[in-house]
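Shared chain: chain A. Partners: chain B in the first complex, chain C in the second.
Up next, the complex of A and B:
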């Protein structure tokens, strides 16, 4: 049969280390989502713009981020930029890569949401004397976030799981990095990865739940 | 005073306004009637600068709406408009819908804006709906809220764009009553409407819009009893 002996106790002794890593993972995911959402709003609006200088770079960003592997995007942030003398630490490179990816996907989600809002909403706001930026912020943006809410939580889960790609650029403080570290020292591969997987699962669930609670507070209409 | 002078407006190849002239004095109520798709609504959105015009000019209190130097955001504060599709802001309660512009555009404090909003909503019979979101209001209630929202800015002029067209027949009355109230208060109004009895009872003058121009404009008595233009006669005989 097989000769692997499970050593759960030994693996569980590493739990505090893994939980430290989980915090770093959560931090990167939250930061990359916050920045990704901010960039995505700008991209979505630019994509709807009629001027090519706004439209073209935004389209390029969306095309590249959605149609190339996330792994390559993180690689490029670390090693690619390194070729130009711009050195980003694994942490920053991971953050940049995932933010780039998040923004691209979310931009399309937001663009769809913007289209779902009747143009008459903007006309009504402008008719009340609101300048266009104010009308966008007060009338369009809140409705856009409501429409885009569920797909955005999906992307959030995806962002959490994507952080594990950081291992490939030498990231060793997040959950995946620490798991890999413990694995190469202890060879308790199955146990340590199983525990880490459960932690990823719990983080993702916690974030989804948090998002639902937030939605219940924000969207009362 | 609103002065519309020889206004031409086309959407691509489709000319909708072909030299419209209209003067509306302070305190006057003018109803504009005519068949659907004839450009009546476009005229209103040109007056508040939502639409560009191809030629001619529109002056509101002597300020040219489409001049490049005109601050449209400022001008729109004194021109309220209510649309056929109520355009309630769905993410805000009735009270917040009405408070928003006085706060953010006029810079009122929350308390000032709230006081005005409560007054306006009470005026249109929605005092008990302050904390209700538009999704839970009937069409007639949403439309009255939209009227309150426009009035909260204390506009000098009110433009009504077929405000009862999207309503069930039994809800039309409540909105028309609100309009009558405004007319009696001396509000300057241009009402694009299909409600002939409203046009007859409330207006100081009634205008007939036909093929991109105002074919006839007269006080309601004369307009309905002795129309001059052959098209007006035909239109009136069809709607009666």
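Up next, the complex of A and C:
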């Protein structure tokens, strides 16, 4: 059945390169999550607003990001913007695409979390004399993040997995990109991608575990 | 005035690509749901320690990027000398990927059926099989259906990645047209609109079902 000779040693020699790529992967995922959360808070609040001008663009963003593939959104940033003479590097295009996607999904999560906070909380804060911005920042936001913490960590894992899509727009510094780079030079596809898969798995598990430890520390009474 | 070189036959080419997307999705979701049902029932009835190997394997499918899974599976079938067409490889990988998520949905839905209801069914003399088909299934279906619809749409969107194995699905078809016509923004918007039309109405339906099921509870 197998007339193929596996060359694991050759693949393992590239491990340092792959680990460098894993750092870039993690960096993109973290940046896209940080920006995604910021946009998502704005989107979630605007979607609850009664003003059409706040409500409609936010709804459009959320629906487009949730009803088209993430790869499409990255293509849009990389190829689509070329029509306007904006040429983004693969790194930036990937970051823009994933941020757009993260923001859309997180906005829905945050909106659900906002709805779960009793309206009396805000009223109590306002009665204590807090301006609405301050009440939102000190009373609503912390509770929202707490309710949305678990889905947010899931989204972080998604973001890490999504960074692998960068290779389709020519990204060659993240884990998937470096893996593909080594692959086209050595043709040891199975070996090198298997190692990459293990690294992705370990990163995803580390993030999940880290989030769980953080939650236990942050959310104790 | 807006001007484009996109012709009707180009549009048909995109729609053919959408057909490929739907075909891959169909096989993936059908296979994945059947596997997910089996795995989910096992997960709901067997202790965690016994199901540990299954849990681990399914977790791998959810923690490794789909693109890497596709490349690995394609390399593996070549090494094993199976000579599978990319369509079969893509469908199988996507089906396994779907089954990993479907298992969790099925398990959650079965767990949502109150134990007392099931005990009552068994006390009335129903066999395990009758309990599963006449009592658990109808109740669990209401819990599972909205998430299952979400999963199906997710798989449809993720199926765009099969372009890496050379299948000409919707996004790849769009990319080919972009290369030829040099109008990236316009063509990608058309592609996005097709995806949106395939996904949005069903997503809305899922949302409405979820709301209605919750109201009736």
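Just so we're on the same page, the second predicted complex is superposed on the first by the 220 of 221 C-alpha atoms of A that agree within 3 Å, B and C clash if a C-alpha of one lies under 4 Å from a C-alpha of the other, contacts with A are read in each partner's own complex, and residues count from 1 in each chain.
The definition used in the following text is that a residue touches a chain if its C-beta (ideal position, glycine included) is under 8 Å from a C-beta of that chain, and two chains touch if they have at least 3 such contacts.
Predicted model only: the values in this text are computed from it and were never measured.
When the shared chain is aligned, chain C comes close enough to touch A:4, but chain B does not. Between chain B and chain C, more residues of chain A are touched by C.
Of the two partner chains placed around the shared chain by superposition, chain B is the only one that A:127 touches, whereas chain C remains out of contact.
When the two complexes are overlaid on their common chain A, residue A:220 makes contact with chain B while staying clear of chain C.
When the two structures are aligned on the shared chain, A:136 is found in touch with neither chain B nor chain C.
Taken together, the two structures place no residue of chain A in contact with chain B in one case and with chain C in the other.
Chain B makes touch with chain A in their complex at residues 45, 48, 50, 73-74, 76-77, 79-81, 83, 85, 87, 89-92, 100-101, 104-105, 133-135, 146, 149-150, 153.
Those residues of chain A whose C-beta lies close enough to touch chain C in the complex are 1-4, 63-64, 66-72, 75-76, 79-84, 157, 161-162, 164-165, 167-168, 176, 179, 189-190, 193-194, 196-197, 200-201, 204-205. Residue ranges on chain C touching chain A, taken from their complex, read 60, 63-69, 71-72, 75-76, 79-81, 153, 157-158, 160-161, 163-164, 171, 174-175, 178, 183-186, 188-189, 191-192, 195-196, 199-200, 203.
Across the complex, chain B is touched by residues 118, 120-121, 123-131, 134, 138-139, 142-143, 146, 219-221 of chain A.
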